[in-house]
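Report on the following structure.
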Amino acid sequence: MPDNLSDLAAELALANRILAHEGVLDAFGHVSARHPTDPGRYLLSRSRSPLLIEPEDILEFTLDSEPVRPPKAHLYAERVIHGCIYAARPDVMAVVHHHAPAVMPFAIAGKPIVPVFHLGATVGEDLPFWDQHDEFGDTNLLVVKPEEGRSLARALGSHCAVLMNRHGATVVGGGLKELVSRAIFMCQNADYQLRALALGAPQPLYRGEIKLAGTLGLLPNVVTRTWEYWSMRLEAAGAMPPRPLAAKAPRRAVPKTSRVTPRERRKARRRR
Amino acid sequence: MPDNLSDLAAELALANRILAHEGVLDAFGHVSARHPTDPGRYLLSRSRSPLLIEPEDILEFTLDSEPVRPPKAHLYAERVIHGCIYAARPDVMAVVHHHAPAVMPFAIAGKPIVPVFHLGATVGEDLPFWDQHDEFGDTNLLVVKPEEGRSLARALGSHCAVLMNRHGATVVGGGLKELVSRAIFMCQNADYQLRALALGAPQPLYRGEIKLAGTLGLLPNVVTRTWEYWSMRLEAAGAMPPRPLAAKAPRRAVPKTSRVTPRERRKARRRR
Amino acid sequence: MPDNLSDLAAELALANRILAHEGVLDAFGHVSARHPTDPGRYLLSRSRSPLLIEPEDILEFTLDSEPVRPPKAHLYAERVIHGCIYAARPDVMAVVHHHAPAVMPFAIAGKPIVPVFHLGATVGEDLPFWDQHDEFGDTNLLVVKPEEGRSLARALGSHCAVLMNRHGATVVGGGLKELVSRAIFMCQNADYQLRALALGAPQPLYRGEIKLAGTLGLLPNVVTRTWEYWSMRLEAAGAMPPRPLAAKAPRRAVPKTSRVTPRERRKARRRR
Amino acid sequence: MPDNLSDLAAELALANRILAHEGVLDAFGHVSARHPTDPGRYLLSRSRSPLLIEPEDILEFTLDSEPVRPPKAHLYAERVIHGCIYAARPDVMAVVHHHAPAVMPFAIAGKPIVPVFHLGATVGEDLPFWDQHDEFGDTNLLVVKPEEGRSLARALGSHCAVLMNRHGATVVGGGLKELVSRAIFMCQNADYQLRALALGAPQPLYRGEIKLAGTLGLLPNVVTRTWEYWSMRLEAAGAMPPRPLAAKAPRRAVPKTSRVTPRERRKARRRR
């Protein structure tokens, strides 16, 4: 992850938009990153749908999930999810909470997601569940109190993700790019696992395979490829985050994919 | 909801288009709003597919579903759905009737939709069914007679929605934004509930959770976020309703999401 | 349907593209219309994917499915489907043969599609099946011989559609617009019926309801609305057929949906 | 397939993008072609997501999957899949390895894909499985060692495709266009077969039908139609590969589909 604040805010805005564009987030859900130099702080957007987040929406929070500066906008109600996990897990550098359609059947039926293809191994095995009702009784299911956040972090333990009954999931990573890959692969795994059921019992990966395939999402080969692909899809949809005001030089978030400019392409079309 | 007629007509056109773009409405279905100052009237478009509705298509109707002014265009055949519900339910300010693919399996199998995730609670519990055949025998299933509309309104009772066997659903709200959220969350809930069945029995929310989570869709935090998100998606698809003729000032229905104009973006692309 | 040849060719190209854009046709499938003045002829495109068909691709065929003029391009191998049905059914004015994903599970499992919602009634009840193997043994499943076409037409009988085992479906109509609606509603019905199965036995319409709802697709109210909607979606995708060379005046296939021109919209965006 | 290297590289880039755009490939998967004049070599892109591949990304490899020239970029880790199949199967001119969502349930449940509609016959019958664990025990499931590639090629035998347990599939063809069609039809077949299960036991094609329908994907009628259609869809998405630098004349990869230029269309829209 970038080690200066403004680059990290830009990458965080991009991560939010990629996860929204790939169907992990919708109007809801949020992604955070630990502060690049102060491990006692984290970065999270003001309350806004992820596909719309700009670098300038990113705010700093303490691990108590209090804004470092007085906020001028609504904040996410559930930011304790982030603060409590950063407090409990020094290795975690990025967190996403979501209600992706692919994982909802598992969160609702209370059935475990198990790795059924190599990339699904990046979420690891024995994914835990957390049922807010067990400890807190009737609530509106939002995770808003510090003790709710701490309880969720305990359920997460040393895992990469936790399913939240009747609510969604929370996924963690050692960096934003690892997190984005893991969250997307986990949704694909859930989708394949559900549909494989129609054919009979899905055969999950062997434990040894899960261990070995579990780091696939970190291979430079894989990270470079996925990040370029998801960014390109976002750009093709016209949904890249704006350049921060301070930036002077033209941004190059996505590698050049074509030597034909849009203008040349238009001209070529007319010629036919 | 806006308290003047032209702003409400604009919001109603937008609500129609959002619900169409989010997959609740298609060539069919219609959304209405109660008149902002005369509770004995309601606003509804002339007969037109929701994604195409413009503020100028919006007409006024009495609660008998008669047009206040002689119509120059086709009217929806099923407008008694709206009139009869406004007559029976003074608290209802907005109504949508739809055949969303997500709810159709439930309307066809006669199986209840139950809240299975927190946002699904906004439709409440014990959703009623209405089978037109029970009272009216063989029909073409359109709700066109006043007595059919009144029968449907009775089945709705004090609920937020009613499933119509072999036909679709009708959903009500205390305002257009609440209605739009509820209709979309109900479709998501139906989709998750159906797919969770493949994993075993879905575990619905506890009754206390449904009560507490039932108002989530009304939180300013939530309404602001969803409305901005759904409007942005509609605008990205080039499907925003046109400005009414009277409007002089540039409209700002969607908050600014980028400081880079499309022109600058094009220039930046060429530079690469 | 238009009563002159060039207008009918334009409507036929549009019908092909609408059915492709709505997911009934893909690289394959074809739509025909009976000749407007000579009932012993029909119009069908040269062999081309439906989304690409232009009015100038439309050719005339005799009911023996021979081209009236020597063809300069590949012809569809399965055009006897059209010729044999026009010969057997004087009431039929338009035919589509397709492999829509929605109907394929029924064609494969050999299970009947039954009307499960009001618009699904437009395909009628007791839809027949036709299994090419019964009469012709092993084939490549294409319907290419006159006797295969006649056998299919016999299986269709007086119905509105016939399912073809391990192959697809053929649907007929009294006109192109009726045909387009019926084909789309049939796909929706198949999709809802399949998914309703996950909830238990779907409850089909009562026989009396099927009769009464069967003509819904012909209501001017409905035809106007659907045709405008599907055309607008096609236009928004940039996939409208080109104007025929002869046409001088600007075409107005889709009613004006916005008083804000694209140019004004771009200007308004820049201003923000 | 083209018999000169630069045209084949262009067609290979296009094949990659078509398969990505049609949902067979995503961030992962790769397509190769045998060298047009040296059967002991094959062409494959540098490590990159298929939708982004340009002709200039295409590199030459020996059948040991070593790059002919020292590479300047990351290479796909799994290129032995291609080399070992070209070595074992002189008739194979093109190979794709993928994790298409449509086939994943079968690769996970270990259940065979059988031809259930005429175009599905192009993958043939008795498709084999290959389980990397059987011979190699715990791995990360990537096929990276020569002995793994050779084992996979043995499992493929003389078939057109092999399903890889908990991983994906590999499909081969006598040319790039045949390969693209086969891979797409195989995904459609898998999707239809899975959904037909909800209705009861799918009825596969008779063995004689599979033989006769198995070459449908090679009919000029079919190849011309599909290639035009898939290319047009790719172009409409703005995702055609760039022209190679050397090319001087305007490319005409997609036949002219409209006599109205985009510019005329814009003008026509403004006029309304």
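Order as written gives the chain letters A, B, C and D; numbering starts at 1 within each chain.
By our rule, a residue touches a chain if its C-beta (ideal position, glycine included) is under 8 Å from a C-beta of that chain, and two chains touch if they have at least 3 such contacts.
Values in this document were obtained by computation on a predicted structure and should not be read as measured data.
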Using just the Cα atoms, superpose chain B onto chain C and tell me the rotation angle to the nearest 5°. 90
Roughly how far is chain C from chain D, centre to centre by C-alpha average, rounded to an integer in Å? 30
Contacts with two or more other chains occur in chain C at residues 198
May I ask you to sort the chain touch graph into line, ring, star, complete or other? ring
Could you please write down every pair of chains that are in touch? A-B, A-D, B-C, C-D
Going by the contact rule at the top, pick out the chain B residues touching chain C in the complex. 26-28, 47-49, 51-52, 54, 74, 76-77, 99, 101, 104-111, 133, 137-142, 165-168, 194, 197-198, 237-239, 241-243, 245, 250-252, 256, 261-263
Report the residues of chain B in contact with chain A in the complex, numbered from low to high. 116-119, 121, 188, 191-193, 195-196, 198-206, 208-209, 211-213, 215-216, 219-221, 224-226, 228-230, 232-233, 236, 257-260, 265-266, 268-272
